[in-house]
Structure formats: C-alpha cells, structure tokens
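Below is one structure. I have some questions about it.
Chain naming follows the written order as A, B, C and D, and within any one chain the residues start at number 1.
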Amino acid sequence: MMIVMKEGATADQIEAVVERVESVGCSAHVSKGEEMTVIGAIGDRDHVSGLGLEGAPGVAHLVPILKPYKLASAQFRKGERSVFEIEGRRVGGENFALIAGPCTVEGRDQTLDVARCVADAGASMLRGGAYKPRTSPYSFQGLGQEGLGMLLDAKEETGLPIVTELMDVRDLPDVVEVADVIQIGARNMQNYTLLTEVGRSGVPALLKRGLSATLEELLMAAEYILKEGNESVMLCERGIRTFENSYRFTLDLMAVPVLRELSHLPVIVDPSHAAGRRDWVQPMSLAAAAAGADGIIVEVHDEPDEAICDGPQAIATERFAEYADQIRRVAEVAGKELSTV
Amino acid sequence: MMIVMKEGATADQIEAVVERVESVGCSAHVSKGEEMTVIGAIGDRDHVSGLGLEGAPGVAHLVPILKPYKLASAQFRKGERSVFEIEGRRVGGENFALIAGPCTVEGRDQTLDVARCVADAGASMLRGGAYKPRTSPYSFQGLGQEGLGMLLDAKEETGLPIVTELMDVRDLPDVVEVADVIQIGARNMQNYTLLTEVGRSGVPALLKRGLSATLEELLMAAEYILKEGNESVMLCERGIRTFENSYRFTLDLMAVPVLRELSHLPVIVDPSHAAGRRDWVQPMSLAAAAAGADGIIVEVHDEPDEAICDGPQAIATERFAEYADQIRRVAEVAGKELSTV
Amino acid sequence: MMIVMKEGATADQIEAVVERVESVGCSAHVSKGEEMTVIGAIGDRDHVSGLGLEGAPGVAHLVPILKPYKLASAQFRKGERSVFEIEGRRVGGENFALIAGPCTVEGRDQTLDVARCVADAGASMLRGGAYKPRTSPYSFQGLGQEGLGMLLDAKEETGLPIVTELMDVRDLPDVVEVADVIQIGARNMQNYTLLTEVGRSGVPALLKRGLSATLEELLMAAEYILKEGNESVMLCERGIRTFENSYRFTLDLMAVPVLRELSHLPVIVDPSHAAGRRDWVQPMSLAAAAAGADGIIVEVHDEPDEAICDGPQAIATERFAEYADQIRRVAEVAGKELSTV
Amino acid sequence: MMIVMKEGATADQIEAVVERVESVGCSAHVSKGEEMTVIGAIGDRDHVSGLGLEGAPGVAHLVPILKPYKLASAQFRKGERSVFEIEGRRVGGENFALIAGPCTVEGRDQTLDVARCVADAGASMLRGGAYKPRTSPYSFQGLGQEGLGMLLDAKEETGLPIVTELMDVRDLPDVVEVADVIQIGARNMQNYTLLTEVGRSGVPALLKRGLSATLEELLMAAEYILKEGNESVMLCERGIRTFENSYRFTLDLMAVPVLRELSHLPVIVDPSHAAGRRDWVQPMSLAAAAAGADGIIVEVHDEPDEAICDGPQAIATERFAEYADQIRRVAEVAGKELSTV
C-alpha cells in the first residue's frame, strides 16, 4: 500500500502515519519528493487497509499496490495456466471448450434434440437451466427438479457433461446429483454464501461476471470458491452494463486477454445474453475465440421461435454444425483446439 | 408492447405478427405510416414478450409500453404515497427517517455509545451490521449472532428500532428476533431467494439498489417482496457504478424524484458508501434531503479512526448532533419533518 | 510516479528502470517488499510518462501520484478559493450565482420577458444561446448574430451580465461583443482549439463537463484556459452518461464537494439537461445548492410549451420567483448568499 | 413517434395531444388499451419532437420510432453496402482495410521506416498524426505542418494513401494537401463545425466514436458530413468509457455487427487506444476482424520504447508482418480480403 500525503503535510503527520503502519506489524518506507511525500507500507494489505488511514490528518489518498486475490492470481501458479478435466474434456491451456444447449430446460424432447445436435457437432458440454433467475416474479422460473432429471437423461444418452445453474444453497444437494459444472449467475457473483457452498461442494464452477463487476471483483469472487479447496473455476465474461442501449449488454472482450494475464484460470465467454439476437451472437462468438478465450457457452434451441425464454438469441439446431465449424477455424488461429473426448 | 416493423416489411409479415399476437389472447392494432408500420399489442406484456418476436421476419424491434411492475407502481396506490409505522416511527409521506449507527457491530460498548448518541440527537432508527458482505474472503465478516445480541441490548436501552442486514436465508430465524427492518444489500438486490423469504417474513425491508441496477430493476426486486404480501418496503439509493473514479460510487440523486414518481414506496438515501469520506458524506446528506428523499441511512462511529470497517466514512459521534440539525433544516425546506416517537 | 514491478522482476530489470528514470533528470527511490518492488520516480510527471515504461521488462504498472494540473489545483492557491467579479456580481467563496434564462434565444420579446422575470427574482446573470450544438444537422441551430443582438438588448434593459455559448472559434469576435461569460459546451470540453482561444480572449468562461469526462479531465480542460492567463473559469457539472435511462443524464452531485477539494475554481451546476423535465429540475436544483455548489445555471421560459428547444425542462417564468426563493433558503444552510449587485 | 399517455389520462387530455400532433401536419392514431392509451404520431419526427409533449398534461413519455439519421441509414442504400476507393484501395464490402503507422509523426526517418515496413506487409494505408489532441496543455502537441511534409514524403516513397487527423478548421487547407483520409478524433466527434467543414472538403473521412457516444449519436455525426455531399465516411470504434479500469477503454466490438446493420458505411476498429498495451492489441485486432469489421487502424513504431507518445501500445515494425498475416487469416473466415492495389 502506498500512502500519498497531502502537499504541506507536516513532519508530525508523516511520523504519525509511520507509527500507525508499524503498529500493525508492517514496515514503512518514506519517500520525500519536492512537492509531496509518499509512504510505502510493506506487509499485509488487509492490516494496512484496516487502519482507515484515508481519513487521517495529512493523508491525501491511498494507492493499493498488491493484488487482493492470491489463489486466483497468475503468480500463484508461477505463470502456468490451470488445466482441468471434466468427464474427460480438458478445459484451459490449448483446449477450447464449446458449451452449448438450451437457455432453459423446457421439456424432455427439446432437451434431447438439442443435446444430440450439439454432441454431433462436437460440443464439449451441454448447458441447460432448471432454475432460472428472472427479473420479474411473474416470469417462468424454470422446471426445477423435473428439469434436472431431463438433463440427466440427456447426459446418459449423449455422454456430454452437464453445466447448470444453482441459485439457492438449499438446492445444492439436488443439483450436485446432476451437474458436472455448477454455473453461478451474474446476479449472484457476489452472493458469498453461494460461492462458499459451491467451493465446499468440490464440483467445478463456472462463475459469471456481474453486470458491473470489475475484473478484480470477479477474481475476488473466484477466490471465495478457491479458498474452500475447489480448484476448478472457470471465469465467464457475459457482457457488462454501459451507457450504450442499442443492444443488451456490452460484451467486454478486452476482459479475455486481461484476465488471462491476471489469473491462471480458464476464461469462457457467453455471447448470447449480451447480443440478445442470434445474428449478432455469431460474429461475437468468433470474436471471443479470436481474442483468445478458452471457450464459449452459447444458447441453442430446436425451435427458437417457440422458446419459453430468450428464443431470439438462440442459435437454431439446424445451423449449429456450421457455427461450430467456424468457431473451430478461428480458435485454431488463436492456437486452440476444440475439446472433446 | 409496440412492435416496430422494418421498412419494407411485407403485408404477409405484418399479418403473421398480428396472428401471433392474437394467438396469446392479445389484440393487435396496426398503424401504417409512410415509412414504417407499428403494431400495438394490447394485453398481457408477459404473453407478448414470451412470443420472442424480436427474431421474427420483418420485425425491427419491440418497445415495451407498460411497466413490468404492478404492486410497486404509483398507479397501484392511485398516486397516494405509502406510509407505514416501525415501532411508532412513521416512514414515508411527510416524515423524514434519520437512520444512523455503526457500519459494523464491533462490540457492546461501541454499539451502546453510538446508539445513545444518535437517539439523543433525534434519530429515527439504529443501523448496524452483524453479517457483512465483504469483497474479500479474507476480510472480517461480522460478529454474527453475537452482534445481533448487542443490537438487541441497544434497542432495549434506547428504544430505537433496529435496521440490520440479512445475507443468507438460513440466518433468517435469528435475524427476525432482532430486526425491525431487514436490510438487503446492493449485491443481493437480485438474490431472488432472499427477496422471497424476506417477503414471507413480513418484516419491513430496506432494499438497496444494486451497483448497476436500473430503477426499473430495483422496482422489480421490490415486487418480489411485495408479491409475498409484505407491504413495507423502503427503496434505497446508495450509489451506482460509473466511469468516474475520484470517489467510490456516483450517488444518483436523480433517482429520488424519479422513484417518487414511479412508485408509492418511500425512498431512502445512503450517502456513506458512495462518498467514502466523512467530509463528503455531509454535503451529500444535505443534498439527499433537498432532493426530496424520505430518509437517510448514515454511518456513525464513536472512534472512527479505530473502526474495523469503513471508518473513514463514519461521522463521529461528537459531530452527529450538529449534522442531524442541518439535515432537519434542509428537510423542512423540502416539506418534511424528522420522524421520531 | 510510482512504478510497480512484477513479482519476480530481476535486479537487472529494476536497475534498468532506475537508469531510465534518472536519464530524464528524475530521481528514483527503490522500495523492496517481500513480494514486490516499487520504484518512486520523483520529478516531472511528464518526463517519466514520456518514457513509456508500461511496456518495459519487469514492469507491472504505473501509478501516477502527482496531479497533472497545476493552475487549477487547490494547492496553487494554497487552499484559498477563487472569487471574481462579473459586472459587479461576485462568483465563488460565499456567493451563490443564480444564472437563469432561456435555453435558446428565440425572439426579442421572449428574451426580454424572461430577462425581466429573472432579474426581478434576484438572478445573478442571464443565460441564453445564440449558437446551439445540435445532435441532428436537421435541427434548429440558433439565431446566431441576430440572437446575440437580442441578448445585448436584454442586458441593456436589465443590467444582467450575459452568459452565452461559443462553438466555433471563427465566431469569437462577435461573441466577445456581447458575452460577459463565454460558455463552453459539454461536447466541446476537449476542443483544445476553442479552449485556447477562449483563454486568450480573457473573457470569463463557464466550462461544462463532458458527458463522460472524469473530474481530472475537466480540470485539465480548465488548465488549457488558465494557461493563457485567463483566471476566471467556472467549472460546470451538467450530468454524466451512465447505464440508467429513466432520465436523460445522471447529475453527478458528488462532483461538487470533490471538485471543491481538488480545485480553487467555483463549481456551478446545470440541473436542466440532466433532468429533462421541469418537475425534476426543481429538486435537483435544491440538491445542488445543498451539496455546496457555487451556483446554478437553469433554463427559464415564458411559454415553455411553445419553446423551440428543450421546453419541457424549462421553468415557467410565473413560477421562477418561488423557485429562486427556495434556492436562497437552501443555499443559506450551505453557508452562501445569492450574488447580486 | 409514439406518445404514451399516463394511466388515468382523461379523454380531454388525449384529444389535446391529438390536436397538437395534427397542428404540425402529422396524423395521430389512437390505440386505447385496458390500462393505457398510446398515440402514434405519423409524420416528421422533428416536428413532433418540437412540440415538447413530454411536459404536456396526461403524457407519460415519448418513444421515438423512426431513426433520426437518413443518409447514414442502411435503408438509404436499400441494404447495399457502401464501397469506395481511396487511391485505388477499396474500402467496405468484402475488402478489409489494414491502416497502420505511427501514432505521431516524430521525424522523417521514423516515418519512412514505419511506412516501408507496413507497405511491405501489405497494409492498405498509412496513418500518422501531425496535430495531436492532448489531455494536458503541457504535452507534446505534434509537429504540425512539418509533420504533414513528412507524411507526404512517405506517400511518395511507398504509394500508401495517408490518414491524418484534423483538429482545427483553420488547418484544413494545409491538411487537404496531404490527407487522402481526414481523421476526426473521438473528442471532436460532436464538433459540428469541424464535421461540416470536412463534409464540404469532399475528402474521405474516418470518424471516431466519442468516448461515451451512442451508436445513434455516431451516425448523427456522420450525417453532418454526408449532408454536405461527402459520401465517403468510415465509422471507427475505438473504445468507450465504462466502469472497468484495469485497461484504458472498453473496446465495444458489439458495435461492429450493430453498426453494420444500422448503416451502409464501412466500420473500422482502432484497437490500440483501448488496449494501451501491445500484447493486448494483437488479440483485440483479431477479434475485430472476426467480428466482421471492414478494417483496422493500428499503431506501429520502429522503436516503441523511444516513442514520444503512446509507445507501449505500438506494435514493433519487426513483428508487423506476422501480425498482418494473422489478421489476414481471421478476416478470411469472416469473408474478407485485405485491400491493396
């Protein structure tokens, strides 16, 4: 932590800050410039933060230097990237995970149709929601346990591992029966209860970035999971909220190279929600692969016009093989291969 | 819902949309202009949304007309404002609720000292956190049940109703023993599980706006609580995330008059977290009162420099009486009186 | 400037950075922590910035410490606030400037009617636009020189100093004939040509903050004017662009106390454009006064329903006296008096 | 324009709106729903906007339906894309323009070295700034006329067309001597004087999106140029301002497919300023090509560590051929070929 003193801070004020820094077991290095003095507090960031020096006499502001996350940081693995296996599919490194399936599990036939289609086209995993976070209490909230059963059937038939969302810690026992990857939605990115329980479950997690979460906050949320001993966390960029309103969310593809520098964890991109329309989902999917993402999670539907939820953004099953092929070509330029068994 | 057709949409495409609108029991009014055609779909908004017409041939885009919230809307009370009582303090209407207390309950003495101070200065309620949402898993997470006990003692001694945060639905039984108002934090604004359970508890709720939640989303979150039969919901503006980084959050005071037009629910402002520094908390508190807020929730500490959490933004107890007095004067210009027993 | 080295930066990399810092005449202080090394570069910020060290081997990132503006900084006046006179009206310090008038000069009668009204209610200056920046090339662009003439007539009749916008440097000779204050619009905040010429003109300037300008950028823009020897600059907060779209712009009142800490220049608030509706302009005006602003610039119209431009946000002349009275009361709580001759 | 009436609007209020709409020569279609009434105003959007109906009794809000731009709209060319030639290089359609060169013209040797390098690698045009918009008045402002001369030399030697920025209308005569494309910077996107003069010059324009400009505003700015009869306008996405601060700007690649739907004009992406670091420029360049951009404008330097301005984001000349090759491969997947003579 760097403590920047105001111009005109007195020697006594500087001394008082040094004493407080040392009182929590940190060491203080004072750099006096012509116009201002900066004090470097070396030691535990939390201890120095805890001092609340922002309000102290003579202090202008504090500049954190060390990253607040540890297990999620690139340094923790000394620059090596995390690679882990999910039912035989490798995630991270030179592998590109193509995760596809319906937004919401609506029925057995739909689920099986889509599962077969994406399996045939070489997808790595099947996505599908049984519990749906909905802005309106009056909207369809998902099939719940019944939906989980349909996902299990689809897994049995196609062998594809299942990615599905958990919203309520009380549903964890049911969800772990089915999920190979537990998805944590953007609105729950800072639901610390949920993060901790998913960490304890040991099931791999796909953690979506909150609509206005900084990359540092995303990594801190991942840290909640990692801290419980669960090492298999995928970070997921799904669009952030900005002033632009000619589409739904701004897909932040800058996050891909930046997260890959800050952290060893795989970075997945969800282009469906940001675009909101299938003709925009395709170019953004290619762009994600070109930007170096470790995978994509995308919505596919056999009858998009009849979908209960988010139909306009689903890719139609009949177009999926061609879509997957284009993704494969661009991922290759970026040095990655589609991950299958 | 207005369905705007593309220029050059054919008569068949227009007809197809009309048929689909009518298929879900809504009526369709077609307005043909020189350059484009607009179809008004009159009936249940969710039914029309469910059709997924964004992707249909000839459709340019959809424009929602009706508000998606009902119980929270100003129309629901025909323009009359909600006023409710919390342990004898009136909230809403011409009453101004001054809610004050420590960010975090740190110990018995601190809690009682602050409680006495704010009670003496005429505060309406006591705030204090026993469970704290923290960005870092390594930070102090609150005293939990022990902290709840200290709040109960403070209530017994001063008579002030208690406002405290709930983060985990499994803590609800403990929290309802103490809380006169359950606070739902900004990061949990769209934790639908939590909203529903707080709705069922019947305990009045103070619902903080998410960091990037639109006012419509805030009202939809309130709707989750109201829908369970709990009519006592306070909306709380606490700062939104913007590009500006010379302070912590942008306190959105425009939200005050706008929410008061859209909804009958009382609007409270939390100036502490946005400002992050006590010398900025004071002017923003006065500004909130001037903008017509129905109350303020503010952090107060007896020894801000020693606070475990957010000390720099806490108002010192010795300055609180003067602070309360200035708030009172500005609230009067805006037509409100401090709410006490 | 603080140069934060990556974990694992070598001694050679550190030495190389030190040498480059010293090569531009700055001194380098090295602080070695357990996990990382930080190098403080003391001297001219621009010289160190010019080195482009962000890309150098072993460098993690750079943290600027010194403010890049000088003449605009609070330190430049050693904490004393700027106060200057405009035709006898004092701006800054304990004076509150109420600047009012039509958005656009539409005709002689309208301009005189509004001018008389605001003069009678105690306004400090008259605002009115002859050149209007319009998003659409098809919209009314202002009366130009003819409009300037009407403003001159209004000044002659009421004695009120004139605030009017300049968009094109080629119009400067005409505008200085009339303007007591030259307004620089938000879209031109970083039109450096215009800033420099207004600086050279010596006429007091009211500089509006760009829609997405940080406070630091606003102060840098002011620096362009101040650097030419023009010391009479008012900073104007007029609303920033955020994700929220239930009103036009987010009025950033946090900017008021923060700018007043960073700079000695007076801070004016324009509530009209952000609100966009007159029933929201009133509470935001009071909030600006409560937040400690040095003044308000607000739109007033004699027949708002007939206004060519922005009528819905104009306060009607018949309500202006009452409006001014409420402003006066709140400004008094904030320690200020309306500025008149 | 749709005029949404408040619930409870009276028949008289509805009638009054209809009358005002008809008074400006538009026709009004009234749709009465159970809960609310919507009035469609068919005719000239500006006429209806000019009525200021937002403030009228009974009116809830206005919803614009027609796009405010005409010449820039996809409809204007009936869905066909604009393709134009610049010194024999085709821009738009199936052509991919690779525009490369130094941020700032620093000297004759640097300019020629970079120009030769990018010409050899197959670039379409040479970029280079002689006039530089700088946040600080104390920073290097460009070589001006001397720099223009160096660009002319580079063009003579390599045959590459020149893209260079114009900031001040008074420099137009000098700039048109050299520029094959006039660049309008992000900070000048709404400098209407500049837009109009560039429109009148007839020289092709590359118009950068403002830091917080919506896509609609970008198209309105293009409309200012097109309206003067200049049909050769390239739109340029260069990163927008958001809350995220772990990189410089958020490159909005969603803008690529969306602009290509809204407009017939070519869409170019500038990845250098948003990324701010060359190792992030490369993946974002590929992503732009994958998203369907019609070109890229990128910074290249022969000695990035010695660059006067923005060195850390420049691609080194020795790496440029490989960079261009990767761009070529991804652009091919997106159906485009590098544009050369």
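In this text, contacts are C-beta pairs under 8 Å (C-beta built on N, C-alpha and C of every residue); 3 or more make two chains touch, one makes a residue touch a chain.
None of these values were measured; they are calculated from a predicted model.
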Separation of subunit C from subunit A in steps, with touching chains one step apart = 1
Which chain is most remote from subunit C in terms of Cα centres?
-> A
So, in whole Å, the Cα centroid of subunit C is separated from that of subunit D by 27
So, what's the distance in Å between the C-alpha centres of subunit D and subunit A?
-> 31
Residues within subunit C bordering two or more other chains | 212, 241-243, 245
In their complex, what parts of subunit D are in touch with subunit B?
-> 2, 4, 7-8, 29, 31, 33-36, 38, 40, 42-43, 63, 65-66, 75, 212, 241-243, 245
Would you pull the subunit C residues touching subunit B in the complex into a rising list?
-> 212, 214-216, 240, 242-247, 250-258, 261-262, 274-275, 279-280, 283-284, 286-292, 326, 329-330, 333-334
Would you pull the subunit B residues touching subunit A in the complex into a rising list?
-> 46, 50, 52-56, 68-69, 133-139, 167-170, 187-188, 190-193, 196, 210-212, 217, 220, 223-224, 227, 241, 276-278, 304-305, 307-308, 310-312
